[in-house]
Amino acid sequence: MTKKIAIIGASGYTGAELIRLISTHPGLEIAALAANSKAGMRMAQVFPFLRHLDLPDLVTVDQIDFSQIDLAFCALPHKTSQEVIRELPKSLKIVDLSADFRLRDPEVYKQWYGNDHAAVEMQGEAVYGLTEFYRDEIKSARLVAGTGCNAATGQFTLRPLIEAGVIGLDDIILDMKCAVSGAGRSLKENLLHAELSEGYNAYAVGGKHRHLGEFDQEFSKLAGREVKIQFTPHLLPVNRGILSTGYVSGDAQEVYDTMVAAYAGEPFIQVLPFGEVPSTHDVRGSNFVHIGVTGDRIAGRAIVVTVLDNLCKGSSGQALQNANLMLGLDETAGLMGAALFP
Amino acid sequence: MTKKIAIIGASGYTGAELIRLISTHPGLEIAALAANSKAGMRMAQVFPFLRHLDLPDLVTVDQIDFSQIDLAFCALPHKTSQEVIRELPKSLKIVDLSADFRLRDPEVYKQWYGNDHAAVEMQGEAVYGLTEFYRDEIKSARLVAGTGCNAATGQFTLRPLIEAGVIGLDDIILDMKCAVSGAGRSLKENLLHAELSEGYNAYAVGGKHRHLGEFDQEFSKLAGREVKIQFTPHLLPVNRGILSTGYVSGDAQEVYDTMVAAYAGEPFIQVLPFGEVPSTHDVRGSNFVHIGVTGDRIAGRAIVVTVLDNLCKGSSGQALQNANLMLGLDETAGLMGAALFP
Amino acid sequence: MTKKIAIIGASGYTGAELIRLISTHPGLEIAALAANSKAGMRMAQVFPFLRHLDLPDLVTVDQIDFSQIDLAFCALPHKTSQEVIRELPKSLKIVDLSADFRLRDPEVYKQWYGNDHAAVEMQGEAVYGLTEFYRDEIKSARLVAGTGCNAATGQFTLRPLIEAGVIGLDDIILDMKCAVSGAGRSLKENLLHAELSEGYNAYAVGGKHRHLGEFDQEFSKLAGREVKIQFTPHLLPVNRGILSTGYVSGDAQEVYDTMVAAYAGEPFIQVLPFGEVPSTHDVRGSNFVHIGVTGDRIAGRAIVVTVLDNLCKGSSGQALQNANLMLGLDETAGLMGAALFP
Amino acid sequence: MTKKIAIIGASGYTGAELIRLISTHPGLEIAALAANSKAGMRMAQVFPFLRHLDLPDLVTVDQIDFSQIDLAFCALPHKTSQEVIRELPKSLKIVDLSADFRLRDPEVYKQWYGNDHAAVEMQGEAVYGLTEFYRDEIKSARLVAGTGCNAATGQFTLRPLIEAGVIGLDDIILDMKCAVSGAGRSLKENLLHAELSEGYNAYAVGGKHRHLGEFDQEFSKLAGREVKIQFTPHLLPVNRGILSTGYVSGDAQEVYDTMVAAYAGEPFIQVLPFGEVPSTHDVRGSNFVHIGVTGDRIAGRAIVVTVLDNLCKGSSGQALQNANLMLGLDETAGLMGAALFP
């Protein structure tokens, strides 16, 4: 039987990506779309690429009758998200795509995001949404917190290695390259085509990016001790795709074998043959993750390169994967589309 | 029951696009993939974005047992295509994506393509593959000739108008802007990223582009007299998407009404509200066509802008739409995916 | 002896382009830079690519001592420009890059720009800044109005042909393709990299673009009768470069000969051999214009393709060329740099 | 008095970039242009963006009368370069842009490039062309070997720090992001616009890139011991610009102070204020280098980000800077142009 879903925050990129994915999903029906600032508009006006779909018009959150909804996706900015989710029915299943329920410690949340958390009581209930590692908890969760797109990429690289104890914990570096859609529809000069295309730059250098909060929390928990990595994001002139180049100490073959074992049977994770290197071109628009492990000419060093689509597997695809689990549907439903190439 | 298909010429862009589309098609199974120059390779090596699929390895055409195949897509270059198709079993259903069976008159073929046609006897049997206008013939056809991507775009603009007699026939101009994937994987300096990105140019100016052969044939047939249009293609630094700006004389409102009536009920054709203008951004990766009609400040002039994805609706998507019809499947199967945005 | 110049509106793209060009000009010194909203900032903060230059800090217009200035460039938005220029010393030489003094008839100005002109009395004195056609007037002008970038491109295509009477006047079409920097640093969703790259669209279709005011004024004056052309701009995902595809009726060879004769001796205008087609790649970052003339398979039709860099020859380069003339310097000083390729 | 120069290998990107730079140089005249495969052609045919220049036609190397030449630039592929240079007059000043004379040890050359060196006797005479560090030797050199573009970028990051002994030598990582023009006009599928744009990937991962030969040679010489760094290049969908993210152990403030001191007075090197991060957008088309130093949240770690234009400062600009020195001209002549932005 078809499940009814609502999308709150349907006028941004992650909301649009959810609609794209769900438009060919066999078991979901989009019953409500909310975007307070654009309430009253048709989706064909906001996103003409969805023109062929028979979608409900945009409404405000207050206008949704949640008693008819099986699950709500919340694709709002952080801080707004917690304020909205706090007021939703307590029995409603929710997949939140914001940063608001990723960090378990309210102090850590405040440190990275600057504000007191407005729904502290719900943080205990939230399950961290990195499906491959929290699958069982997600199946029975009411509230799932989608991971950051950089945070997801880095964890696909490092979690199996930290857990297996095959790499050093004090010299990990993730040099990350991120597509611009991760910044959303923000109107900033450096995101204009004229200023972004044909060049690139690092940002938040030196340990300032908020996704470090997730890395610290998850890696320290896995290792049973504090783990702090170096993480440098770079903004690239492409629209979709994150590539993380991970530098670790350890035996490259052991690193490779650990990855192969960890991801055996995972429908969306592809570990490439040893020594091959993935490309973001090959995952654009898809829910797949490609991982390559290479040794270095310097003994005892390995390089792990991981790619995924920040809007899909890094955000809306992951959210749908989690929703499938929460609703008892096939985990891969609506998500098996191949990447767009070229 | 699942139908078995083969793709001949699976190492090019249109072949890869066919696999992408068919990978989520409920009624088709890819039983054979041929590419003579890369026979023996796995598709994951040729197109790593298809790595997650369980596909047959590449073979030569000769190695395919066509008795097990319900329909073959032929995604070869023109001239090669006719030589290969000539040798295939006469009972095999074929969708050809090349230019070889588009032109009914062998003399016209030779004029535009330079060589004598090697399978003249089969030209009579070939049905022109512009689905929306040859649907019934395609359903019962054995051999369907996919249209050129520019030719498709221009015909979506002009066919209903010529047929209805609402525009002048002697001053039609199509100014077309084409994505680079239309040129295929050809290794030419002007197709290198360094030389193509960040700029654009016209080419084949003055009536030299081969797709004019299709325009002449189809428009003259529709009008019952010779129709010759002006057509200028431009090469743009994007990978997918054709935009045709059509300049016609006629009453803009009548032009609009004609388009709305002609495409009513078509699952893939979206005529925008009068005065709105489409964008290639909204059809990238999809099988949809968006058409906008606008009046001009000069009375008696109308502008019709049409966009589609050259690799999908302009080539492989159209081919699959035709194959669905030929095999008695739902015409839209595998083709309802929304565009990728952003 | 070095001339001192000021740039009013130095925090936009055309202001930055002026500084880039003047930075290697042998006869000019940048004595003052104004940008009211960013007064007090260093240029290295606003445009880090100018970091190596020893430039004055940004000030407000009021803070400039114009008695020390030989010529001011005014690179402000239209409407603001007329209000600022009205208050400047009446003896100051000014090159205005906005639309405010391009249209001689205040009624026509109001029709296209929507507001009453605030400096009507100065419009009579303003000289239209298309250097190659108003060179003598510019030499002795106090106030020069830079042309629109599309308007410049179209006039390079059509002025010699209209003046020579070698083309029909009632069926001229300019299909124009424009780089995004022409829209300036405006913060709009459709100018974001994520929404602009990888696609394109027409806009202001049907005779709605403001540069038509210039076309009407200039072409009608040249022809001695009213001339109204069709003009469709398209927004392309590149940063610099306009390409105008002009469709005219007339003898192609005569059209070509007229162009060659008209531009003989012009330092910045390159008429290509007959039948060759120019590319925006070849003029990016330069003050050069490339023009190609081609005949059509339809007798009596010619296609004229013109390319230039909208920020340079279409705006700031043209402005500097005019300033050179107004200051008695070599017209080409600071402007002979070759395009950037690749 | 004007010096006469020749460019051997004038049909590639570095040859074209040399012509672009020299076209506004006050003291150089291009007396001969060679490109064996395109001998007989005009430069306007090979590079239409140079159409406005009065250049000699392309000839073969043999056709050049070197007695009339003061200095030759050799912009050929490696291996070819050594074979050509070996036959040139022994008194001719030469700036080689290839890899052939960068490595002093013929065994190391063979290890990285695979072939025996054909001009071993000239390697002793060649001076390494990183101007800022070999200025005096270059002034009196006859043969200067231009550095690799990645090698230049990495050395601007690390040389002052290794020389001053302020960083650890055993844990240096350079994560480099490179524009595609560095690959030249090679006709390869992965360099096509359709396959390169909208995505990116690492390559030569694990210590396989040839520029490591230069790093090893120069850093070990500076340190007085063997230094081996980790270096991972990434191919980005832009045409110009290298960004190197350097991870080093050391006190960030000391690292910064060392950089400021090392580059004081250098006309082309801009060290940004502490904590600021450079962008390749700001050096595109220019000979400038921007360097940013940042501390990390992990004590004792610093990140140094360096950007330059691979074709200009990383190749042809560096070559011209060296030629200026060798000919007794102003070192900065022809090189002070600001970057192209946007």
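By letter and in written order, the chains are A, B, C and D; residue numbering begins at 1 in each of them.
Convention: a contact is a pair of C-beta atoms (placed from the backbone, for glycine too) under 8 Å apart; a residue touches a chain by one contact, two chains touch by 3 or more.
For reference, the UniProt names are A, B, C, D = N-acetyl-gamma-glutamyl-phosphate reductase.
Here the structure is a predicted model, which means the values were calculated and not measured.
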{"item": "Chain pair with more C-beta contacts, A-D versus A-C", "value": "A-D"}
{"item": "Most widely separated chain from chain D, with each centre as the mean of CA atoms", "value": "B"}
{"item": "Cα-centroid distance, chain A relative to chain C, in whole angstrom", "value": "45"}
{"item": "Centroid spacing, where centroids are CA-atom means, of chain A and chain B in whole angstrom", "value": "36"}
{"item": "Rounded Å distance, chain A centre to chain D centre (Cα mean)", "value": "39"}
{"item": "Per-residue overlap in chain D, given as positions that touch at least 2 other chains", "value": "13, 181, 194-195, 197-198, 237, 239-240, 278-279, 281-282, 284, 342"}
{"item": "Touch list for chain B against partner chain D, complex", "value": "13, 180-181, 183, 185, 187-189, 191-198, 237, 239"}
{"item": "Complex contact set, residues of chain C against chain B", "value": "171, 173, 175, 177, 194-195, 197-203, 205-208, 212, 228, 230, 232, 234, 236-241, 243, 245, 247, 275, 277-282, 284, 292, 294-298, 301, 303, 305, 307, 342"}
{"item": "Residues of chain D defined as touching chain C within the complex", "value": "13, 16, 19-20, 23-24, 47-53, 181, 197-198, 239-240, 268, 270, 272, 278-279, 281-286, 288, 290, 311, 336-342"}
